[in-house]
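Look for chain A in each of the two complexes below; its partner is chain B in the first and chain C in the second.
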Partner chain A sequence: MNDMRILERDVDANAIKIAAKGVQVYYGDTHAIKDVDVDIQDKTVTAFIGPSGCGKSTFLRCLNRMNDTIDVARVEGDIRIDGEDIYDKAVDPVQLRAKVGMVFQKPNPFPKSIFDNVAYGPRIHGLAKNKSDLDDIVERALRRAAIWNEVKDRLAAPGTGLSGGQQQRLCIARAVATEPEVLLMDEPCSALDPIATAQVEELIDELRQNYSVVIVTHSMQQAARVSQKTAFFHLGNLVEYGETGQIFTNPEDPRTESYITGRIG
Partner chain B sequence: MALSLTGYVVLAVLVLTIAAFFAAKSKAKSTANGDVRLLHSLPNYYGYNAAMFTAVPALGIMLIWLLAQPMMIENSVFKLIPERIVEEGSSRGLVMSDVRRVAEGLDIAVAQGAITDTEADNIRSEARDIRALLGEVGVALGSDVEPEVLFAAQEYRTLSSVGAFWMAVVVLGVAFIGAAVSIVVSKADFRARNTVERGALALLILAASLAIMTTVGIVLSMLFESINFFRLHSWTDFFFGGSWAPNFRGDSDLSILPLLWGTLYISVIALLVAVPIGLFAAIYLSEYAGPKVRSAAKPLLEILAGIPTIVYGLFALLTVGPALVSIFGRGDQGLLGVEWMSGATAVLTAGLVMGIMLIPFVSSLSDDIINAVPQAMRDGSFGLGATQSETIRQVVLPAALPGIVGAVLLAASRAIGETMIVVLGAGAIAKFSLNPLEAMTTITTRIVSQLTGDTDFASPETLVAFALGLTLFVLTLGLNVLALYIVRKYREQYE
Partner chain C sequence: MTDATTPSSVPAMTPLSGKGSLLVQDARTRKRNAAEKRFKAYGVVAISIGMLMLIILVFNIISRGTGAFQQTFVTLEVPLLAEKLDKKGNRDPNDLRKVSTFGYAPLLRTAFEDKIAQNGIETELSPKAMAGILSAGAPAQLRDFVLADPSMIGTTQQFEFLASSRVDGYLKGRVSRDSIANDKNISAEQLDFVDKLIEGGSIEKRFNLAFIIGADSSDARPEAAGMGVSMIGSFFMMLVVLALALPIGVAASIYLEEFAPKNWLTDIIEVNISNLAAVPSIVFGILGLAVFINYMHLPTSAPLVGGLVLTLMTLPTIIISTRASLKAVPPSIRDAALGVGASKMQSVFHHVLPLAAPGILTGTIIGLAQALGETAPLLLIGMVGFIASNPPDSIASGLLDPNSAMPAQIYEWAKRADPAFYERAWGGIIILLVFLITMNTIAVILRRRFERRW
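Now for the complex of A and B:
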């Protein structure tokens, strides 16, 4: 793994952006997340890895309260963003989600034009002062998501008419257009070719300058390339969490080692 | 006697069918030397195949025979009746029904033992009072039986029994041949399963085409009557005339336009009531209501849809109409102190009640459509920090819009075709007016009124009902086709 070199980036003691303690998630009777403690740092890319069904998406959805939309889901424990308990009654989940953006595992463009898809968030939150401002926001978001060149001539075409990988990048553009402080990305490159993947990884690295990014991925190489911190989930437990270089070169837990070397998963 | 012979034939065919089933099954097994795995199909399929080839052609021929035989017999018997009787008895149909009745009477008399079979064939009206004879066995005749009619009836009986005999022969023969052939071919490599499959397919196609054929039949009968109408009345008056004034002494104004105006006016009011309320109810139920509320409210709304429309009509006439009159009418005693509305029947009365009737229709269709919008779409919107109502307005409803438009069009076509509410609630005056507090009439109410009471199916005043019905049919059919097209197009979007 040559990529390991990249990890030698300095991860200074950044401020803690998200602090989760004793998080439990139940889907009806299924216990999907078991007592997870994790501190996610600001201006850092954190990767969640683990075998399918281990609860990565579930945990990610706790961080912006998307589990509220699932009737059977129940979240316990304490999750703080910038020291504020996001499950507190006083917190408005709508406000929270504007701050904590999300790219979903399955691309879900709205049945609207490409432009309107990206402009959706800025319009709702009044981020654009006028039409040309909005045009700029949309163009910048599409450029950052590495899809501008493909769609610049068909901004009025429906977003649902794009290919799977294009839809995925459109959803990334849609999420970054809202300028969230934290960006949660659930397998954002699962349908992308290597070139687009590299561009999205570049975007993630760029976002790190100002935001904190959490990315779920099934690609060890990707986790190693883009992240500074890595969390390994297994059967709903957080098995190991630490510096990415540490996890990939010298894991403490035998389960982590067998997963990254390809023996479980 | 013919009937019971038919019964025996059916019974025999069924017995033969069962026998063929088991014979083919065991024949197939024996050709495979008892090893079922060597057969192309499971043994039962050989049985089904044989049963199918025994029963279906035989019973099919029987059915056609039973339909065709009376017509052919009537044709040949009719030649025996001289012109004289037809002229007196007014029409061929009436005389023939006399003949059939006498023939039936003779059958019954024979069955009860009042006369013997040969007597029935040779009896002469000069020799015996046939009317009294048949009266004794319970067949009352309107007049004395003419010798020619009696002779025709006897011929009718003879031909019927000959026909029935040959039918039995042919049907049993076909059944035997079918059974024999299908048993003979039941060898190990015969593809019985595929033939049975084709049989099942044919059955399904038959059912589907029967449904379509009846629709076509209905349309055609309407069409023929409408053509009769247009022979008697000018089509320009019907489609472009300005007034509706049927006059049973003839020379009526029969224009559809005033009726169409009333129909559309009432429908528009109904939709103005039903669409917002139904849609909002659907949004509440599908997006906001908890599972408990939903499980209670949905069935309740659907019960509304099951109320017979005549009940809504009564509601319009007895409750809504008078309530509206007390608001907009009665001069100084009224709520508003105005005299705008004189009777309970009015466009507004019918429109409001029809709107109430359509609410559950709109809401349950829209509810299904809104639920079909994938959750991922909502998640995407929530994930960007949108509120629930923003999500509904900007994502869910636009996504569901084509389907909702389809639902509204379906509701419109129901409103246009609705009858009982407008019969009771709308009034009977055909006119062009914009005032919703006046009584007006619709296409459906006029169809009802043109066909009730003493009707003469040769006058344009009656036949116009068919032309009205056909126009209504074309109108609602067009709306339904459009609605289904839109709904289907929308479905594809997510599949």
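Now for the complex of A and C:
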């Protein structure tokens, strides 16, 4: 990729949104995440890269407690969002997930209409007072996800009838419709073609204005293109975490260098 | 490697070294293809055997059972003589009621005497023997008519009586002069008489609605037996099964599949549910006898008890099929719902359950169909061998009054001695199969409709 562009990218010193300290995750007997410390900044795109099975998705799912749905998963350590421990007993994961939205690897629209897909979150969280309010929320979310023009004439059509790239953008619209503060994206482009990928990446860059975005990706080019901060995971360890430009041009750890030059992973 | 770099030097048809020509099958390929062909042949043979059996079964059922839907009727003009029915002449219903069915039998004899006089039939039969070709229920039919409308006394009315089962069998080809050699119920002379009446148009065979909607009858009158009341019994049982098994089964499966922790306890429950599905139904019957009748003192032979027993039997089927269809809902849908902040219950009820509904519905209908055809447990709670002569007049009596069920009724007929009942058993099987096929068709249609939604 364009190395100059990466180097010149300015990184704002934003406030810390998510602070993770000493996070350990076990799947049964497997120690999937080993003592990870990471600070994720607000209004920043943070990329998690690393070879398959290195724990980056697992760690991402810790941030909105999606690992709770897996019976054998056990999370230890301290993850704070705005200084609040999200694994505190008083925290309801449902409330947390309204604050920390998620976009999944495979586009997974509900088998309902496009409108209902986006309106579902606002409905269950009571964000809309009336029908026209809801219409506004849906339109805003679809516009933000850069899919409004493509679907505005067929909001009643099933979301599952869209193309893969459109579905993924619909899922992003669904995630932003609930007005989260953090958006987690688990390989959002792995099922998309380059054109749809480019659209989603553009979208991620725009979302940075309002949200803290954490993206897991297998594509190092993508990480380089969209993120300001990059974390490299390997075998459950956070090997290196820093500004994207630095990670890709001048990594400190030899493992990072091996990975980004294609020798491991 | 040199070959690969200079492909143009190799003539097109020359076999590549080592692999042979593609146009000739080698020994391994031939062997593999032969094995595949053999396997396909086994499959075709297996399916053919299955289809053949099915055709034989269907042919048998239809050829033996359709007779039950037709019945022989005798048309007679019966003078309702006042001197026999109302000796006091005051038309008082209470006095009329004192005349038993025996009092009506002479009227039938008179009617036959009139008949032979009118039609010029010569016979040596006594009037009593002539009346013997009628069903034993004929005097009762007369009496019911008169009691319903006493003003008819003194007039001559035309009636259609059921012919006795032997005469009916004669018209259907089941009874012949040879077969009745040792039969005390009918004589060759009576059959001659029947032949003459057929010529005169007084006896004919036609569709018999009473078989479908009527009640069962005693051993002596197979011609009057019908499925109707046991059908109502089955209906009430299905009502109980549906009302209990569907909510309990679906609730249990949703809890087990979506909410319950996966530990040794739920593992044991899961294994036991699968085992329960394989428990012989008679075991559920004896359980029902012990618990519902002996311990809880619910009425014997009642569709309520039958329904409870069948609920126990159907629950595992519904739970297993519901869990399977819940499992089939892609986890990504659950993730998606949880990801936008839905609670577990919201994700299940808003997204998972609607997607699983076709499967749940199909499982439920299949379970119901299974319960509808179940006989063994009903034997133990007394729904067999009982003759319900009247349809229930209310929902409570439908649930609590003794009744039978369709398969139990079929079993009951099949074990009675008279071959006329045997024919009705086959006819009953046709009705039962029509119900089962209808239910399964509904299941398929519902599934299709729900699936087509997106």
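Just so we're on the same page, the second predicted complex is superposed on the first by the 258 of 265 C-alpha atoms of A that agree within 3 Å, B and C clash if a C-alpha of one lies under 4 Å from a C-alpha of the other, contacts with A are read in each partner's own complex, and residues count from 1 in each chain.
FYI, contacts are C-beta pairs under 8 Å (C-beta built on N, C-alpha and C of every residue); 3 or more make two chains touch, one makes a residue touch a chain.
What you see is a predicted model; the values in this text were computed from it and never measured.
Partners chain B and chain C, brought together by superposition on chain A, clash.
By the document's definition of touching, both partners, chain B and chain C, reach A:Ala175.
By the document's definition of touching, neither partner reaches A:Asn237: not chain B, not chain C.
Contact with both chain B and chain C is seen for A:Ala98 once the two complexes are overlaid on the shared chain. Between chain B and chain C, the overlap after aligning on chain A sits in one stretch of 6-14, 168-176 or 474-482, namely 474-482.
The interface of chain A with chain B overlaps its interface with chain C at residues 64, 66, 69, 71, 94-95, 97-98, 101-102, 104, 106, 108-111, 120-121, 124-125, 160, 171, 174-175, 178.
Across the complex, chain A is touched by residues 291, 374-387, 390, 394-395, 398-399, 493 of chain B. In the complex of the two chains, the chain A residues touching chain C come out as 64, 66, 69, 71, 94-95, 97-98, 101-104, 106, 108-111, 120-121, 124-125, 158, 160-161, 171, 174-175, 177-178. By the touch criterion given at the top, residues 64, 66, 69, 71, 94-99, 101-102, 104, 106, 108-112, 120-121, 124-125, 160, 171, 174-175, 178 of chain A touch chain B in their complex.
Those residues of chain C whose C-beta lies close enough to touch chain A in the complex are 261-262, 330, 332-343, 346, 350-351, 354-355, 453-454.
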